[in-house]
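Each structure below appears as C-alpha cells.
Look at the two complexes coming up: chain A is in both, with chain B in one and chain C in the other.
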Partner chain A sequence: MSLAADHRTRSTSERGSRGLRLRGLVRKEFLEIIRDPSSIAIAFLLPVVLLLIFGFGVSLDAEHVPIAVVVDQPSAETAAFTAHLERSPYFEPLLLFRMDEAERAMRARRVSAILRLRSDFARRRRIGGAPIQVIVNGVDANTGRLVMGYLDGVWIRWLEQRGRDAGEPLDVPVSVQERVWFNSELESRNFLVPGLIAIIMTLIGALLTAMVMAREWERGTMEALLATPVAVWEILLGKLIPYFLLGTGGMILSVTLAVWLFGVPLRGSLAVLFAASTLFLLAALGMGMLISIVAKNQFVAGQVAIIVTFLPAFILSGFLFDIRSMPAPLQLLTHIIPARYFVAILQTEFLAGDVPSVVWPNGFALSIMALLFLGLSRLKSGKRLE
Partner chain B sequence: MRRRILALVIKEFLVLLKDPRSRFVIIIPPFVQLLVFGFAASFDLNDIPLAVYCEDPGADAQELLAGFRHSPHFSDVAVIARDEEIRPLVDGRVALVVLHIGPRFSRDLRLRRPAAVQVIVDGRDSNTALVALGYVRGIVDRFNRRWAEQHGVPALPARLQPRAWFNPNLESRWFVVPGIVGLLTLVVTMLVTALSVAREREQGTFDQTLVAPFRPGEILLGKAIPGLVIGLAEASGIILVAVYGFRIPLLGDLTTLYTGLVLFLIAAVGIGLMISSLAVTQQQGLLGAFLFLVPAIILSGFATPIANMPPFLQQVTLVNPLRYLLVILRGVFLEGTPFHLLLDQFWPMALIGAVNLAAATWLFRRRLY
Partner chain C sequence: MTISPPTSPGGTLAPNAEPGEIVVDVRQVHKHFQLGKRRVPALRGVSLRALRGRVTGLIGPDGAGKTTLLRLVAGLLAPDAGQVLVLGRDATQDSLGVQAVLSYMPQRFGLYEDLTVMENLELYADLQRVSHAHRRDRYQELLHMTGLGPFTRRLAGRLSGGMKQKLGLACTLVRVPELLLLDEPTVGVDPLSRRELWAIVNRLVRDAGVSVLLSTLYLDEAEHCHEVVVLDQGEVLDQDSPRAFSERMRGRSWTVEAPGARPRTLRARLARSPGVLDAVIQDERVRLVSEAGTRPEADTLLAGLGGAVLKSVEPRFEDSFIALVRTRIPKAGVSTGRPETRASTQDPTAAASPHPARSTDSPVIAVRDVERRFGEFYAVHGVSFHVDRGEVFGLLGANGAGKSTMFRMLCGLLPPSAGSLRVAGVDVRRAAADARARLGYMSQRFSLYGYLSVRQNLNFFSSAYGLAGGRRAARIAWALEQFQLAPLADSTSADLPLGYKQRLALACALMHEPEILFLDEPTSGVDPVARREFWRRIDELAERNVTVLVTTHFLEEAEYCDRLAIMASGVILALGTPAEVKRLAGSSPEHPLDMEEAFIHLIERTERVGATS
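Right after this comes the complex of A and B.
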C-alpha cells in the first residue's frame, strides 16, 4: 500500500516541521556514524591507507631490472658495451659465461632478460652488423616491452659514444626528437595518484551508503521510519547529507596527500576540481543508494557495491588501462561508469590544467549520472512494505 | 564428529545457495568480471590517435608517413598546418601523439645531414606515452634501415635482435588472465567467509548454533569447508574459461596448479574467518574484508610488478598469499614451470595458511562468549 498519496493530502501547516524532521534525520545518521567506528574508518582511514599503498605500491617504472649478460668471448669491445649497461639506472647486470646458466636463471625468475654477445661480436662488428641477442621474459608483457625499450636506449648511447671516440659521428638518417608534455619525466606516480582519488571516492560514496541503507532494511528500522510522517525524499536526503560531508572530507584529505606527500603537480584550479568531485560524489552516493534499495540485504549490497562500483572504477575507468585500446563493446560500457569521467577530469586538472574541452563534456556526463542514479533511487524507494 | 561437521557444512551451503540473490552474487559476477577484465585489462595499444603536421611535401616525408598510416597501432585523427593547432588537440585529448615533420626534412635527408622529426606525446598517462614512443621509434627505425639500404649508407656496427620467451607477441592478456584466476578466487572466498559469522550474529542464529552440541573447532570447520569448496569450484570454472575462452596456453600440469590453489585457499579462508570472528556487524565484516583485499591485490603483482615497489613494501608483500599464487599461476600457465621449481612459492603459503587458521581458531574461541 502506498502511503505517499496519503501523505500528500495532509495539511500544508506541517510544511514548517519538514526542516525540523530533516535535521532530526541528519542528526540520527551522524550519531550512527559516530557510534559505529567502521564508517569513520571508511571515510578517513581508508583514503590514507589506500593512497599510501597505491601511491607507493603501484608503479609502472621498472628500475634495476636484473639482466643476465652472457659474453662468449670477453674483449675490449664487449667490456665497453657492458659498461654502458652497468651505468644505466634501469639495469642490474649479472655477468655469466654460459648460455645455459642464463637460461636457468631466467626460468628460476632470478633475471628478467638475457643479453648475449656472441664470440664473433668483435669481428662481425668491424665488418658491420654484429647481432646482439636479447631475450626478455615475456610473461609480464608490459615490463618486457619496457625492458626492450631501455635496452634500445643503452644500445643507442653505446653507438653514439663509439662514434664520438672514433671521430666519425653516428650516421642515422632520421632521428626522433621526443617531447612529452605534462609529465616530462614520465613518472607513473603523477598519472596514477590523481586517478586513485576517483577510486577512493567511489569506495566512500558507493560502498558506505549501500551498506548503511541495506542495514536499515535488515534490522527493520526502515519500517519504523516509514511508519512516521517522514517523506521518502526526506529519508533519502537525511542519508545523503551526512555521507556527502564525509565524502568531501575524504576528498580534501586525498588531494592534500597527493600534492604534499606525493608531490603531484596541481596545475588546474581548486574550484574546478571540487566542482567535479561534488558531481562525482553525488553520482557515487546515488549508486550506493540504488544498490541498497534493490538489494535490501547487507551481504548482497556489499558484494554488488564492490562488483559494480569498485572493480569497474579500477579497471574500466582509464585509471590504469587505456580505454582507447579496449574492444569497442567495452569502450561503450565504460560510458556508464561515472569514474571514467572523473578520472579524465582528475588527470587533466592535476597534470594539464583547466582544459575546457575536457572539463565541460565530462562534467556534463557526471551531472547526468548523478541525476540518473539519485532519480532512480527516489523512484525505487516508494513507501511500501513487502 | 564427522557427521556433525557434515551437518554444519550442509547448513552453510544451504544458507549461501538457497537465497537466490546470494546465489547470484557468488556465481554470475565473477564470470562477468572475468570477461570484462580479460578484455579490458591490457597495456597493449592500438589505434593511438595521431595528428600529422607535415610541412614537407617531398616523397621521403610521405614515405615516413606511410609507415605510420600502415601501422595497426596508429590511426590518423587530424592533419594540421599550423603550430597553434597542436596545443588544443593535445590538451583536449583528441590526439595522443603529434608527428611534426619540418620543411627541411627531405633536403637534410638528401644532403646526408641529420634530419629530425619532432614527436609530441601526451604524458598524462605515462605508460601509454612510453608504449606509444616505443612504436614511434620502431617505425622510424624501419624507415632508417630501408633508407640506408637504398642509399648505400653503411649499416650500424651492431644491432639488437630482441625476442621474448613464454609470450612471443608480448600480449598483456596472457599476463592478466591467469592473474584474474587468483584475484577472483580470493574475492569470492573472502566474501563468503568474512561475512558468515557476522551475518549469524546479526540475525541471532549464532546463539542457536552455540547452544547446539558443537565444539567451537567444529563450528569453525563448518564455516571453513564451504569457503574452500566454493573457492575451488570458482577457480576451476575460471581456469576453464581462461583456457577455452581466452586461449591462454596452459603448459604446466594441473597437479602443480591445484597444489598452489589449495594452499592459497587455506590461507585465504583463514584470513576470512579471522575477520569474521572479529566483526560484530556485517558492515564491519565487509570493511575488514575490504581493508584486506585492496592491499592484497595491489601488493600482489597483479597489475604492476612487485620489483617496481620500494624495498620496504617489497618486504610487506612477503606475507601476502596472493603474491605466491600469482607466480604459480603464471608459471604453470605460460612457462610450464615444474613442481620442484615452485617449492619456494608453496612453503610460504603453507606457513601463512597454518598461522592464519591457528589465529582464526584462537580469535573464534575468545569471541564466542
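Right after this comes the complex of A and C.
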C-alpha cells in the first residue's frame, strides 16, 4: 500500500531538497501574477499610463497661455508689439479693444492675463515710462508667476530689437548672462519622468505587495500556508523575490520609455541607477510587508499603502514640489520618506550624471531604510495567527 | 515505524493507554481573545487526548472553541496557560517540528483560486518537501481518491464547493501526515461529497494508520468517530466513544407517531410538554428526548391525539449531545440552548397581527414553466411549483442545482427567460417592487452591516422597509426581546457568533412583518442547537400564516418542510411532502430511506439516466 510506504520514505525524501519550498512559493507567486489581471495592471499597465500622462500630458511649463491684449489706440507701434507677441511660443494673444471685455474674459477663465497697451504707448516708450499694464490671474500662482516673467522677457527683448532696428542701443544698467545647467531646455518632463520611476516602484513594491499579502489572509491561504512546515523567512522571501523582479521589470520599462520615447537624457551610469533602484525597491517591499502585517484585508491594505507610501512619494519626495520650498516641519517629515532619497538620485543620474555627493548620502539613507523596514517585517511576522 | 491496526469504531479504549499512543495531549489550556475592549475567553482549562490511529471528533456549538483548539494543536496560536503536546513535542515552542508531522486543513481551506488543481497540488508538495520521485504516484492516488482526475488543468476557483473541499483535503494529504487536523471539513458540502470526504478519511486511518482530530457541526458525523469530545463555551463537557454517549441515553429516546397529525404541529406541541428536553421531526415522526429520571407519561403527553403511539427507540449520539448542552447552566448573557418550554415566551405581537388566512385556493407563490438561460446554459429549466399560504416549502439541491437562481427570480432580482412567476398575486416580471414590499428575504451570507451594532442594524433595516416612529420602536423592541438579542444590542454585529448573526438576520428580514419569507441557506454553518431554535421560529411564523420558502442542504431539515422540491441541474427531480419524496426515491416500508439516502438515490438515478441518454 503506497499510503503506508510513504510514511517510511518521508525522512529520506526530505533530504537534498533544500530550496524546494522557496521555489514552490516563488513559482506560485508568478503563476498568480500572470493569471490575475489586477497584478499585471499595477505592474505594467499603470507604469505605462503614468509615463504617458506625465511624459506627454502634464507639464509644469507654461506654454500657449491665453492672454487678452487690449489696445487702447491702435498704431504701427502697437501692431508691431502684438505681432511680436504672436510669434512667442508662450502666448496665445486674444486681441480686444475694450478693457471690460478683457476683464470678463479673465473672470470666465478664458485668459490667464491681461496686457494693456495704453493710448500713449508710443510716447511713454520713448520717455522710458511704463507704457504697458499687466494683470495676471493669481489663482494658479505658479502659472501666474511664469506668465509675468515671460511677459517681462518678451517686453525687454522687443525693446532691444526696436532699439537695434532704430540704431539706438538700449541702455540696460545690468545685463544678466543666463546659463541653465543640466536641463538646458528647462523641460519639466526631463525631471518629472525620472521621478516617476520612484512612484512606479512604490506602487509595485509597497501597494501590490501589501495587497497580495492581504489577499492571502483574506482567502484563508495564509492559514493553510502557516500550518505547513514552511519557515517565516521562506514565506517572506517567497513574496520578496517575485515582486523584486517585477519591480525591476517596471524600472527597466520606465527607463527605456524615458530615454527612447521621451528623449530624457541619461547621463549617469546604469550601474549606479540599478544599485539605487535595488535599495529603494527593497525599502518599498519592506513597507509593503509591514503594511500587510497590520492590514489583513485587501481594501484596508490598499488604502494604507496609498496613504503611507504612494501619496508621500508623490507629494513629499521632491518629485513634483521642491522640498526646500516646503515649510520646515514638512521638510523634516520628508526625511522618513524613502522616495525622497531615490528621487534625488534619479534626477541627478538622469540629468547630471554620477555625482558622488548626491549618490552616496542618499544611497546610504536608502540602505538604512531598506534594512529598517525589512528587519521590522521579519521581526513582526511570525507563524502565529495573532 | 509500526502501523497499529485500527480498532473498530466504538471499540472500548483503555483509559490509560501506553504513553506512546497519545498523539495529541492538551493539558489545562486557557486561551482568550481581545475583541475591542472585550476580553473573550475561547478556551477555559481544556484537557483532552487523541490517540494514534483513531478519529477524534470535536463537537460543540458555535463559539465552543473548536477552531481555537485545532489552531493551538497546529502551533498557529500560543496558549495563555497550559500546554499542548503533539507526539511529545510542545506545539508552541517547537511549532515547526510539530508542523512537520501534521497536516492541517482550516475551515476555509486556502486554495489558490488562480492556480489549477495540479498547480495547487504541486505547491503543497513543494511546501511539504515531497520528493519528485514520490510525487507521481501520490498525485495519482489523491486524484483517484477525490475523483479530481479529469480536472487537473482546471483553475481551483472554477471548481464546485464540494470539489474545492476535496482538493483542499488532497493538498493537505500530499504528504501522509502522522496527525491530520480537519476543521469542519464538511460544512457547506453537499451530501454526496460529504460521504466521499469521509470515505477518504476512513481509508487513510485504516490503511496508513493516520490519527485524525477533526471538528464538525454535523452530529451524525460523530458516529464516524472513534472518540468524541463535546466542547461548549470553551470547556470540555465530556469525552467518550459515540456509543458510550448514546448508551447513557438509553430509556430516554422516544418517537411519537400520530397518524393524520401534521408533524410540524405535533413537534411544536410535544416540545412544550413537561419533561421533554428535545423534539425533532424524523421520518414523519417526532423524536423525543426526555429529561433525566423522568419517564414521559403517554397519557398526558398524547392527550387529545387519537391513535398516537409513543415508542422507546435506540438512542443516538445527537440525543446525548443535546441533553449535555441543554442541561448546562447558561453563562451570563449568552445562553446556548434552553429547552423550548422556557424559551418560547409569548410573542407580544403574535396575537395582534396574524396574517389573515385569505382565500386558500389561490397559492401565494405560483411558478409555472420557468426557465433561465445564461447563454447556452440552462440554470433553471421548466420548473413549476406552487406554495400555499402558511406553508413551509423547501428547495433542496447540491451547489449549482439552480436554487439560488430560482430565488433571485422570485425576488425579482433576475428576470426569467420564460415562464410565469407570481408572488402574493403579483406578477414578479411586471411589479417586482410591489411583491418585494410584502416579502422578507434572508440571504445565505446573512447580509448584515458588520461594523454596525445589533440595534443599528435593526434600525437600518426597519427604515429601509419604511417603518417610522412608534411602530419602528415597537418592532425593534420586539426583535431584541424575541430573538434574545437585548444583552448584545450594542455589540458590533461582525463580532457575534454565527448563530447570533443568523438570529439578527432573521429579525431584520421580519421587521416589516412580511407575509412571505424567503430564506436562502439560512442554517449554513450554524450549530445544531441554533438550528433547532431557528426552525422553532419558522414553525411559529408558519402557524401565523406566514408563507416560507427555504433552501437548505441539511437534509434532515427537509423534514421540517410541509412540502419540498429536490432540484438538480436546473430541474425538479421530485416534489411533494417529505414522505412522498422518499417514496419517489424508492423508499418502502421494507427498505425505509432517510432523506439523505433518498436525495442521493434521486441524484444518482438522474445521473445514470443522463449518462445513458
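Things worth noting here:
Methods note: the second predicted complex is superposed on the first by the 365 of 386 C-alpha atoms of A that agree within 3 Å, B and C clash if a C-alpha of one lies under 4 Å from a C-alpha of the other, contacts with A are read in each partner's own complex, and residues count from 1 in each chain.
The definition used in the following text is that a contact is a pair of C-beta atoms (placed from the backbone, for glycine too) under 8 Å apart; a residue touches a chain by one contact, two chains touch by 3 or more.
Just so you know, these numbers come straight off a predicted model, no measurement behind them.
Of the two partner chains placed by superposition, A:269 touches none, neither chain B nor chain C.
Contact with chain C, but none with chain B, is seen for A:216 once the two complexes are overlaid on the shared chain. In the superposed model, A:36 lies in contact with both chain B and chain C.
Legend: residue contacts after superposition of the two complexes on their common chain; A:298 is shown touching chain B, with no touch to chain C.
By the touch criterion defined above, A:256 lies against neither chain B nor chain C after alignment on the C-alpha atoms of chain A. By the touch criterion defined above, A:119 reaches neither chain B nor chain C. For chain A, the partner touching the most residues, choosing from chain B and chain C, is B.
Common to the chain B and chain C contact sets on chain A are residues 36, 219. Taken together, the chain A residues at the contact with chain B in this complex read 36, 38-39, 41-42, 46, 49-50, 53-54, 56-65, 106-109, 112, 121, 125-126, 128-146, 148-149, 151-152, 155, 159, 162, 170-184, 186-188, 190-191, 203, 207, 211-212, 215, 218-219, 295, 297-300, 302-304, 306-307, 311-312, 315-316, 318, 320-322, 324-327, 330, 333, 344, 347-348, 351-353, 355, 357-358.
Those residues of chain C that touch chain A in the shared complex are 1, 3, 33, 71, 74-78, 95-96, 99-100, 102-115, 119, 122-131, 133-134, 137-138, 141, 155, 168, 171-172, 175-176, 178, 181, 203-204, 207-209.
The touching residues of chain A, when paired with chain C in their complex, are 1-4, 6-10, 12-14, 17, 20-21, 23-25, 27-28, 31-32, 35-36, 216, 219-231, 383-386.
Those residues of chain B that touch chain A in the shared complex are 21-22, 25, 29, 33, 36-37, 39-49, 64, 88, 90-93, 96, 109, 112, 114-131, 133-134, 136-137, 140, 143-144, 147-148, 151, 153-168, 170-172, 174-175, 187, 191, 195, 199, 202, 281-284, 286-287, 290-291, 294-295, 298-299, 303-305, 307-310, 313, 327, 330-331, 334-335, 337, 341.
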